[in-house]
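Here the structure is laid out as structure tokens; the discussion comes afterwards.
When the chains are written out, they are named A, B, C and D in that same order, and each has its own residue count from 1.
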Amino acid sequence: MAFLVLLGPLVTGAIQKLKARLQSRTGASVLQPYRDLTKLLRKGTVEADTASGLFRMIPVLVLAATVAATALVPVVRAGSPTFPLGDALLLLGLLALARFLMAVGALDAGGAFGGMGASREMTIAPLVEPVLMMVVFSAALAAGTTELGTLAAHRGSSWLFAWDAADFLGFAAMIVLLPAETGRIPVDNPDTHLELTMLHEGMLLEHSGPGLACMVLASHTRQIVTLGLVSSLFFPVGLAVGAGATALLFGVTAFVVKVALLATYLALVESSYAKLRLFRVPQYLGVGFVCALTALALRIL
Amino acid sequence: MTPETLLWLLPVVPAVTALAMLAVRDRRILSAIDVTGSATLATLALLLARAVATTGPHALGVFRADDLGLVFLLLLATLTLAVSIYTVGWLREAVASGEMQADSLRYYFALVHGFVATMVVTILADNLGVLWIAMEGTTITSAVLVGFHGHRYGLEAAWKYIIVTTIGISFGLFGTVLIYAAASTHVGAGASAMSWAAVMAVAPQLDPGIVQIGFVFAMVGYGTKAGLAPMHLWLPDAHSQAPTPVSALLSGVLIKCALLGIIRFQTIAAAACGVGLPAQVLMVFGLISIVVATPFILAQHDLKRLLGYHSVEHIGIVALALGFGGPIGTYGALLHVINHGITKALVFFAAGTAIARYGTRDMRVIRGMFAVAPIGATLLMLAALSLAGTPPFSIFISELTVLRAGIGPGHWLAVAIFLTMVVVIFAGILHHVGAMTFGRPSTVASRAPEAWSPLLAMALLAAIMILLGLTIPPTFDTLLRRATEVVLG
Amino acid sequence: MTVGLGMMAGCYGVGALGALLAPLSGRLALRVGHLAGLGGAVAGIGVALSVLGGAPGMVLRQPLPDLFPFARMSLAVDGLSAFFLLVVSLVAVAATIYGPAYLQAHAPDAGATRAGVQVVSLNLFLGGMALLCCAGDALTFLLAWEGMTLASYVLVVSEDEDGTNAQAGLLYMVMAHGGTALLFVAFLTLTERAGAFDFDALRAAAAGLDPAGRNTLFFLVLLGFGTKAGVVPLHVWLPRAHPAAPSHVSALMSGVMLKVAIYGLLRFAFDLLAPVAAPLPVGWGWTVLVAGTVSAVLGVLYALQQHDLKRLLAFHSVENIGIILMGAGLAMILWRREAGGGVLATVALTAALLHTVNHAAFKGLLFLAAGSVLCRTHVRNMEELGGLARRMPWTAGLFLLGAVAISALPPLNGFVSEWLTFQALLGAASRSHGPAGLGIVFAAAMLALTGGLAAACFVKAFGVTFLGRPRSAHAEHAREAPVSMILGMVWLGALCVFLGVAPGYAMRFLDRPTASLLHGPGASAVVTAHGPLVLATGLTGAGTEATTISMTAISVLLVVLIALAWLLRRGLGHAPRRCAPTWTCGMSPSARFDYTATAFAKPLRMVFAALYRPRRSVIVESAGTPYVVRRIRYAGEVVDLAETQIYRRVEVGVTRLAQSIRRRSSGRIHVYIGFVLGTLFVALLFFGVRR
Amino acid sequence: MSPSTTAAIINDLGALLLFTMLLILAAGQVYRAIYAVAAQSLFIAIAGAVLALATHNADLWLIAAITLVVKAMVLPWVLHRVLQRLNVRREVEPVVPIAVTLVLAVAVVVMAFHLSGSLGAVQQAITGNALPVGIAITLLGVLVMATRKKALTQMVGLFASENGIFFVAIAATQGMPLIIEIGVILDVILAALVMAILVLRVRSTVAADVADLSRLRG
């Protein structure tokens, strides 16, 4: 858990760095996100005068929900957990809760941009979630459970070569979804503050200081959780079934490598595509939907 | 008093009342006599009911009191009493508003009681000829009452009424003659050959062919009087033009009396040429009436015409129930006769008060009655809901019974038509009455306090309506069962 | 327990009689009536729990006085009845606590008569629903059914400002009547076969039915109850009638009355009409599943486009009924079909029942909260609200709670039942091959979509209503609702939390209904096999592959994390906190900058434009030249397709027909006579000649 | 006289009645129709007398007498008075062309005979053609009412159709029981009076023929 939370900003930093490189810039250090966070934590807060008491709680709740999701991602060990905490659906549920609260918070300040961000976010989310679930289902149907650890164990270590068509399609769908779920180009642009194009940033607009820090940290965490989800769904390599220091170490390194790979993919996509118009996004997600549906069909028929 | 005495007293009482009234001019005294006469009639009817319940049917000359007749007699007595109570307050307002001339009141009352007397005779008549004579008598008296207001609409309605119904029941007479012709060969000529009881005794031996023709004549004839479609066209005119209390009697009792005539012939026909034919005929007429009434209820603006068409629908339901037949169907039909009579009278009363308040029968003008006359409006709403067949009101129970009678033998088509029309009509009446009771009242409405006597009468009827919706008392149940046996033979 | 039934009936009766106090004082009548209602509700809870906690297969029987010669009337409370009685009573408690204060705060100058009417009809409404659940024979069932409908109709029209409620009530009453007619046919067909009215006799009679008859009856029943439950496309009355009623009644109608229809459906499908020891016909389950899915998706889609707070909630009832039906339909499909003792059917039915009580809780809560907004602002249009979170914090908080719950977000109850539904769907899919499985999975996807859209809808509903700046004077001067109203809401809120955080403890109350319906293992035997703290769905029978979650653990974790995050939120160093106007590109912000509900839903409106067919009209008033624009008027609405395409047309058609027929009729007496003559002629030809 | 001759006479009278009925149908002027009805009643009275002779039935004599007095004299006289009181054009104004009416009449007669032809066994019970003739006359009377404008012609039609009934009653069953017969006759007189009053009142109040009023509809 803590490991994931701490690792989260690094992934963002890495992606930024990579992008800079791809755009042949030096770019900031990979540790930049940590610096931002500490800086924000030290700053004071400016609150909208119209905001209610809820507004101050939002970052807390969002962060808590997101971090709680990390507890459900199998990082190092596969197999059914010692104490059953939750499954993929609960994980998605927690992420949805975080998004819900974030959107609510965005409306609290009563500015146009918060509303715009919230509205767009809540337009895209309902389209992403079903596809995401279907991807999970396509994996779960094989294993007969939606518990990530068990799923991973079921897939085992012989991954790519054991894949059948359904897995490939499912992975394709996941690849399509990844930018959307992590709030990146071509669906959203994390770097811009040009009001008319931003989704996620729009919702953060009114937050400041430690509050903003929580929100930013939450989004880092959300990103790594998503990546972790993908890796445990499709590349459960190195998830040790047994305990033991070596196994643990191996698992961690394997996880880092997998996440790094996915991060690279994101960076590549971001630097090679332009952001889509909001109303083109449904079509974009439609591709993912079709992939997922076909994957399911293949599983069942 | 012996039942025989009761038998001849029953028609005499209203007749005497009628004559007595001709001598009086003052409104209050007239009303007093009116109420006392009706009360006496009601008590006598109850006494007779008790006597019959204990010692079985009684006959006296051309009169005969069996449970079948009692069902109708009790209805008649109740409604007459209610009407008399209602008339007290209604008349005061009517005279004040110039709707009724103070000097012609005695004729009005005399006619009403003459009308009642003739109806009593139709109900008690055992001799089919007497039945016919009394039936024509009701036509003559009530026709004068329909045209009593004397304006062109009243006269038009009266003319249509007397002409069409006279034609109708002259067909009825033809049917009677034919049955008599068929029976006289077995019973021997003379008045007894027209006695329903005597004919029933020999019914199985009667020549089916001629009985069949006779039944069709009687069916169409008395059906005209009962307002079965497509012979119903006079009914909305007459019932809407008559003074409100008379409308209540016409819709509440008179058409039921005609129905009693039909039932008498139906029993003979069923015994002579099998149950199938009369059942078929009744079912067809019933369905036609229900269907025909529907569009006119939906697209109606005149409140009293609306109620008239409702009578057509409900008389159709009764006919349908008789057509379904069997113990359940007949039981349901008789129950429906009572329930509809009570409810319809109540609706006419409530409508009458509404019309008096707004000075019009146009339902587009009558609005927001709750604000103007809360009690009257509530009663109107209740009665309308009952008319539409919602519990806990009486008509729901009888329609339920009718439905059972239809579903049991599996008359699916009839049941389907019946239910569809009932739902559509429900929509219609709830639409109309809802618009009249809710919302803002239109300016023309008078906000005078509600007179007590109409409210009393309505409360009386509403109480019966709700009671019969919540339960069927054992005594009443036994009465209906016996009556059913009489019909089924 | 019989005593409990008596107490329940007695209390409701007393409550109804409380109306007699109205002439003395309307306020007193309200108090007494609702208090008695509360007593009835509590008694109901007692009865229900005693049956649900009692011995398996126990049925509480109580004959009623023979009101009608043709039918014996009786009460019979088995597991299913008890469960629904529990649901009714739980919400009834909240409604009766909430009611009096609401009615007074909302319309202080309403006459005593209205108070009396409302008291009578509320108690009859509650009593009718309770009686319906306990009914042991067809007649009691039908009478209670109609009584319930009539009472709720009166309540709908009781608060009528301009006759619109009368229209809504009319639509409601007519559709209910139509549905009931179908039920009558179904019931009476059985009673006439059985020769008796009690359910045991009906069961026996149904056993002798041929498949065709069985199917006909089922679909009649489905249509009949579907109308009441608001299944698309029979739902059009629902979003009109529910908002029109007083809010605590809306809560009852949406939260409970619809469920009573579900009760009837389950009673028929699994109990009365079910073939002996054979699976249900395939068509039944699939029809229900499809109807449920369609209702769920369309319900939430239409809800998204509403500006009227209560109307929005009403559409969400359509959605949730759909979700319940998905579970129920799945159970119908699986029952007695799957290998291995029918665990999945139990899961599906458990999901459906759990969602029934969950929806009752959070939808009741939401309606009550909307009601307290309504009674303080007298505005139902969200666009004119806003900024209420600061003015009525309790209401806002509880509404948010309900919003999270209905959006199926952890850790509240909505998530639990939808999770179970998902698991059941998934399990069914993994068992079935071919298109059937695909269909089930597609339904699961639709359920996911529904959840997402619901979340979006409630971000809008909560945000626009309670957050930002007040957009009208009404909202400006709103005050917090009276204590008793808040109490009513807190009761339901607590229910939502309990069912979300510790659902395992509620499972044992689902044992009796599930077991008695499916004749299989009870809910708790399947779902809480690993103890009450853990929910497990035995997709392949409880074992290694069973999916297990622990709502309790996750909630604890959340609490801990919130505490930690709160520390973080305090920040390092103690930098000052300032207040400043919201950033609006440097302009001075005003209420016009706030995002409106219409604007919020706009993107989704465009995404689903094909379904919505939105109507919009833009009127530009220019001053002489087209270049100088005075004002631009924008009017847009999304209309219910079922309403415009089906119902409006039927209505218009029937009315036109009737009018044309009426116009044709001439008042000439010759026509009258002609008809009589013609009838005799035809009648003689047809019936006069002896064949 | 012998039953056969009686039957023959009754048959001939039936034919005469039918003929007069057609006269009424075709009548171009109201008073002709009235005379035709009077003639019908006369024939019925004769029929009654004949049967009375044949069966030595005292009641029948009485019935024949009443019929003669009331239906052949009083009622026509009443109609005549009314006709004079409202001095309007005497022409019968048909609603549908007389030709069409006659065609319909033929259909009715055919139907009536077809109907009684289906009876068979009853033919003996019913003397001769009394039944079909009765049915025909009754229906044709109503046909007159349905196809003629004036209120007065409608009354004529009504009495005509009742004549049909009386004929059947007398011919088929030696007349209805006396009291019934009397009651019926009384009713008919009363009805006639009420109708006459109505006609006159409408004439005096709205100056129109009551049968033309058609404001109440739908």
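In this section, a residue touches a chain if its C-beta (ideal position, glycine included) is under 8 Å from a C-beta of that chain, and two chains touch if they have at least 3 such contacts.
Just so it is clear, the model here is predicted, and its values are computed rather than measured.
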Exercise for the section: Sort out for me whether B-C or C-D is joined by the greater number of C-beta contact pairs. Expected result: B-C
Fill in the blank from the handout: Looking at Cα centroids only, farthest away from chain C lies chain D
Handout entry: Geometric centre distance via CA averages, chain D-chain C, whole Å
Key = 70
Fill in the blank from the handout: Rounded to the nearest Å, the gap separating the Cα centres of chain A and chain D is 100
Completion exercise
So, in whole Å, the Cα centroid of chain B is separated from that of chain C by 44
Completion exercise
So, in whole Å, the Cα centroid of chain B is separated from that of chain D by 31
Exercise for the section: Could you tell me which residues belong to chain C and also touch two or more other chains? Expected result: 662, 665, 667, 669, 673, 676-677, 680, 684, 688, 690
Problem - Touching two or more other chains - residues of chain D - result: 115, 118-119, 135, 142, 145, 154, 211, 213-216, 218
Fill in the blank from the handout: So the touching chain pairs work out to A-C, B-C, B-D, C-D
Exercise for the section: Spell out the part of chain B that touches chain C in their complex, as residue ranges. Expected result: 156, 159-160, 163-164, 167-168, 171, 208-209, 212-213, 216-217, 219-220, 224, 230-231, 233-234, 237, 273, 277, 280-281, 294-296, 298-300, 328, 374, 385, 388, 390-392, 396-397, 400-401, 403-404, 407-408, 415, 419, 422-424, 426-427, 430-431, 434-435, 438-440, 470-472, 474, 477
Completion exercise
Contacts from chain C onto chain A in the complex sit at residues 386-387, 389-390, 393, 396, 400, 404, 407-410, 415, 419, 422-423, 426-427, 429-430, 432-434, 437-438, 441-442, 444-446, 448-449, 451-453, 455-456, 458-460, 462-464, 466-469, 530, 534, 536, 539-540, 544-550, 553-554, 557-558, 561-562, 564-566, 568-573, 575-585, 589, 591, 593-595, 599-604, 606-607
Exercise for the section: Would you mind writing out the residues of chain D in touch with chain C in their complex? Expected result: 95, 108, 111, 114-115, 118-119, 135, 139, 142-143, 145-147, 149, 154, 211, 213-218
Handout entry: chain B residues touching chain D - in the complex, by the definition given at the top
Key = 127, 129-130, 132-133, 136-137, 139-140, 143-144, 147, 150-153, 155-160, 162-163, 166-167, 170-171, 173-174, 177-178, 180-182, 184-185, 189-191, 193-194, 207, 209-210, 213, 236-237, 240-241, 296, 299-300, 305
Problem - chain C partner contacts - residues on chain A that touch it in the complex - result: 38, 41-50, 52-54, 56, 59-61, 63-65, 67-68, 71, 80, 83-87, 89-90, 93-94, 96-97, 99-100, 103-104, 106-116, 118-120, 122-123, 125-130, 133-134, 137, 140-141, 143-147, 150, 154, 195, 205-206, 209-211, 213-214, 217, 278-279, 282, 293, 296-297, 300-301
